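Reading through the structure tokens given below for one structure.
Letters are used for the chains, namely A, B, C and D, taken in the order the chains are written, and counting of residues starts over at 1 for each.
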Amino acid sequence: MSEVKVAILGASGYTGAELVRMLASHPSFRMTALTADRKAGQEMAAVFPQFAALDLPRLVSIDQVDFAGIDAVFCALPHGTTQEVIAGLPGHVKIVDLSADFRLYDLEAYNTWYGHPHQAPELQKQAIYGLTELKRDAVKTARLVANPGCYPTSVQIPLVPLLKAGLIAAEDIIIDAKSGTSGAGRAAKENILYCEVTEGLHAYGIASHRHAPEIEQELGEAARKPVIVSFTPHLMPMSRGMLSTINVRLVDGAKAADLRAAWQQVYKDEPFVKVLPAGVAPQTRHVRGSNCCFINAFDDRLPGRVIICSVIDNLVKGASGQAIQNMNLMFGQQETAGISQQPLFP
Amino acid sequence: MSEVKVAILGASGYTGAELVRMLASHPSFRMTALTADRKAGQEMAAVFPQFAALDLPRLVSIDQVDFAGIDAVFCALPHGTTQEVIAGLPGHVKIVDLSADFRLYDLEAYNTWYGHPHQAPELQKQAIYGLTELKRDAVKTARLVANPGCYPTSVQIPLVPLLKAGLIAAEDIIIDAKSGTSGAGRAAKENILYCEVTEGLHAYGIASHRHAPEIEQELGEAARKPVIVSFTPHLMPMSRGMLSTINVRLVDGAKAADLRAAWQQVYKDEPFVKVLPAGVAPQTRHVRGSNCCFINAFDDRLPGRVIICSVIDNLVKGASGQAIQNMNLMFGQQETAGISQQPLFP
Amino acid sequence: MSEVKVAILGASGYTGAELVRMLASHPSFRMTALTADRKAGQEMAAVFPQFAALDLPRLVSIDQVDFAGIDAVFCALPHGTTQEVIAGLPGHVKIVDLSADFRLYDLEAYNTWYGHPHQAPELQKQAIYGLTELKRDAVKTARLVANPGCYPTSVQIPLVPLLKAGLIAAEDIIIDAKSGTSGAGRAAKENILYCEVTEGLHAYGIASHRHAPEIEQELGEAARKPVIVSFTPHLMPMSRGMLSTINVRLVDGAKAADLRAAWQQVYKDEPFVKVLPAGVAPQTRHVRGSNCCFINAFDDRLPGRVIICSVIDNLVKGASGQAIQNMNLMFGQQETAGISQQPLFP
Amino acid sequence: MSEVKVAILGASGYTGAELVRMLASHPSFRMTALTADRKAGQEMAAVFPQFAALDLPRLVSIDQVDFAGIDAVFCALPHGTTQEVIAGLPGHVKIVDLSADFRLYDLEAYNTWYGHPHQAPELQKQAIYGLTELKRDAVKTARLVANPGCYPTSVQIPLVPLLKAGLIAAEDIIIDAKSGTSGAGRAAKENILYCEVTEGLHAYGIASHRHAPEIEQELGEAARKPVIVSFTPHLMPMSRGMLSTINVRLVDGAKAADLRAAWQQVYKDEPFVKVLPAGVAPQTRHVRGSNCCFINAFDDRLPGRVIICSVIDNLVKGASGQAIQNMNLMFGQQETAGISQQPLFP
């Protein structure tokens, strides 16, 4: 296939670096432009020395990019700054946006959770919410894909098929989620210093995290009715990895084995979703650096309830890996191109 | 006060070492005998070099201890081996047992969860379950205190007063708990090697952990009816610390603020239990090395539910610190003697 | 003894917090004023929640402190800002300065390494370099003690007695030093974010670190001639702890055993310096949270050379613990008051 | 190219798992047999769940492998057990041995350091010491390659060209090396438990580590005279990564810049060796999971000396990656096949 010219906007952050890592082995996507804000002008290897052995374009500011020569844009900019940038891109480029700017269909909800009106409401109508395994057909023909958040990805992969199949109740979903620190980005803040994070943990954004409305939107679509979830994220003393431990109510005498059977059916041909053997708890370290999601279900001691565990790498399936997976579909590439790296353990 | 002569049975494990660390500054408890099994005969400083500067008795086997000269025994032996040892101690010694051997009042439940009949049923009848803040009067006059498990301690401190006050429902308690790796002990096992634990996490013992019946016993007593809990422990990439994130149903229009007010009332004079300011999430690292428990409550997005966070150091308030706290009461000492170390952060 | 009223200038940093942690158990020093710059006005427990259970003065700015009521000042301010502050303090207060501002006797050397002329040259003449075990008598009568740097402390404790005894050569001292990340402070910088530090290491400040002239000054005094050292510090993926691995040339057929014997003689009555048994390598984790220094020496494969290992906690013996040790001497207190905490391991 | 059928002996250890990780993307090597000892009979995904999504042969014992159908053997067995196994393999298979069993040409030295006579002295004569960049031609035609140790790899890549060029002295080489814990393997031992390793460090095997004679053998060959080195390894609180900080004496007025120039010349076409820009310190995390070695040199404060830093991933260039690199050469494959994964950072 002919070469696809790729720009990464926001290449100096962790999700940008992850895109570079994986695209370096992509058979047909070629990195043509890498942008940064404060670090524009620097070599990528000065900003991320792990790329010392790669031949990469120098970081430039967005306005220095000639988008006429670009086919595909990965937008890894901070939330809130993205809508205007994307609105200004020429019509021929296809975009996967890794920010939250185009994930909420409801402009009012956006306003409420993000504290300002949406800046590109027309574009929002075109945007496809791209959880690949669940929206594959829509992604294929999209021009603009809103790449899902990391927590929502880890939650929807197990829950959406169960809600669609009517195996679990929509009313009483309790999500206890744990994320590696890379989810907080690379901007220097006291609360993510090494000494503040190592050897300890805590919940944050309790019942107020912005991924809650995103989860509720998508679970609601699956359940065909409004859904409210309990969502408690935690910051973990680890760089990467995300575990959602989800306690749900079963419907009609279902058991964990029924959930597992339903997943096996839905996901049997998926390269990146794996239902673990009965009784085996998914571990975040076993998907580190890969685009995989491992899931499993366990009968609870509380009658009629089940405990679901779902793990991803927050930077890969939770961000940059899924973004490439989506872009592959948008350009008719093999879905696994560039993202078939094995997990790195130990 | 006159000196109390103390023996630590099982001083070569982590809870044994914690007892030594804290007793080194105790004004009236003197460590007279330290025992080990495989490591008997060694200097304590060879087994735990952090004690190189302390003058401690050499490790001996239990049968080498002359209990005639011992007043107080901390028993930090593995589960299942303890009942016989304690049954063999002379009547004048007072005992705090850190194992699970005397925690379950119901001998049938013990048999079910531990896989063998209880070896000292008569002693079990005398044993007092010693969550100090909740059982202070009984502990003061006890001869044998069953020191609570770490997870049960972190759960009962917030929940027992709320169940007694009728502020939360007993039917739908969902506990997502996270523990540092020291809880698994010092015996060499593949699953707790550094490379298997660092930079990742997973649930374990899902709906089957032995601390569940202990939690249910004590919450049931507080609620005055049988209680079943959902209990999912997780292994964290950290040595110490424990966080229980607990989702419960409120009764009668209560709010998180009401739970906080109830705690403030119950715990206002407690030196080791602290209700954090509204909105502040407890962090395990802020109680590291101390006997403190920090708790807080947050209104959930799910109507009528609340999220409770409770942190302790699993080796201190969850084991050795509380053991000393109990022994202080049993010998009429100041309750905080030897255990007023400040947390070590960072 | 009567109460000593203490001010901590710069209480919102890690060394400030360590002073608070240890002074909380000091029998006669009472924390009367705590200062901060950006965080003035906040409760200490808001800045360091591990102190939630302590009753501490609120953070104020330095100009809000009434030094008339202060006896002792711990100055934990950034390098370069300290000289003026200390010059402005009333004559009756005694000061231990934890910054580098008064450590170099040679004002030219200060200018060279710190890039500006010394702001208080008269005060510099009064300042005593306070490596307690080596300068005890001078510290006792000092008004202003320059508390040693962490690296210099870990190096001087083993080397100064050997140079004085003529057991090692002064010409060829090669120091490979490793420090926990807390040494870099709490100010938010990209290079000390959790994700940038965990699970990796690197050298920094190679042959250009500002602790080199401090080490050379003090080793030169011991050797009675100018000394130049090779000094390569490394940043470790850990919060606390410092290991200096030092390769030196022996004089006159000496062996590691001779060095050990010399140390045993010099340090036999020291509460905080411990020569480990022959063959046992000091580990940083075994002094974590304590004021101890563990040292040992090993014959090298290179004939006539020896490998010395020295460990401290960089925040305690390398900063706040030694500061209290010095202040204890300056006020005629027991030298170990407030700093006898046992190491926290695991 | 036609398929090469590969057996991995010792697939249940960390180096075995690394071989699987990288060979999964190899274009022509096909994993045909995986062996284990205690874990024979298990699925690889039960032993290493990160491979849950791969289709791999079940683990068998070595005697169950039909070597008639095997072309290439990676031998990742413990030291001491390997000589007999390899001696028993049929003549048509080519072997890369990751153990130390065939690294020392001098059978007396082997006996001294490993405590027993060599079990296959005839095979030892055929074995090629396979530090790929330095022995490429010999590796191409070898039947049995002794894959270098991790420490020796990190040391030889920078030092061998400098010794050959006469830029540094052979007499006074001081190596301070730091390794991730995975180098200690997956067998359960107390000293590599998470709680024993995290947040601390120490030297081990001081002046007595078995990699010293291997380093001396190869540096001696480069220097054309016997070499003795000072070698102090340290155990780091990290899974992977190795840094050797090497202090050497320069010859004839050379400077760090001259060493850098020499490396640039020797390594300019090497895909896996990278000389970093002047002044930039190599970090282990920037080669994590990759087969790269980053090196640099810095002028010391000690006149006439230089500080060299060299980083690799101990499991990749230090073991399994280099093993594949060698096997690629032995089968006429592209040298980078299967081992071009980018580093994983953060």
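Just so we're on the same page, a residue touches a chain if its C-beta (ideal position, glycine included) is under 8 Å from a C-beta of that chain, and two chains touch if they have at least 3 such contacts.
Which protein is which chain? UniProt says A, B, C, D = N-acetyl-gamma-glutamyl-phosphate reductase.
Note that the structure is predicted; figures quoted are calculated from it, not measured.
Asks: Across the interfaces A-C and A-B, which one involves more C-beta pairs in contact?
Replies: A-B
Asks: By mean C-alpha coordinates, which chain is most distant from chain C?
Replies: A
Asks: Using the average of all C-alpha atoms in each chain as its centre, how far is it in Å between chain A and chain B?
Replies: 39
Asks: Please compute the C-alpha centroid of chain B, do the same for chain C, then give the distance between them in whole Å.
Replies: 36
Asks: State, to the nearest whole Å, the distance from the C-alpha centre of chain A to the C-alpha centre of chain C.
Replies: Centres of chain A and chain C (C-alpha means) sit 45 Å apart.
Asks: In chain B, which residues are in touch with two or more of the other chains?
Replies: Within chain B, residues 14, 182, 195-196, 198-199, 237-240, 283, 285-286, 288, 345-346 contact more than one other chain.
Asks: Sort out for me which residues of chain B touch chain C in the complex.
Replies: 14, 17, 20-22, 24-25, 48-54, 182, 198-199, 239-240, 271-272, 274, 276, 280, 283, 285-290, 292, 294, 315, 340-346
Asks: Which part of chain C faces chain A closely enough to touch in the complex?
Replies: 14, 181-182, 186-190, 192-199, 237-239
Asks: Mind pulling up the chain C residues that touch chain D in the complex?
Replies: 172, 174, 176, 178, 180, 195-196, 198-204, 206-207, 212, 228-232, 234, 236-241, 243, 245, 247, 281-286, 288, 298-303, 305, 307, 309, 311, 346
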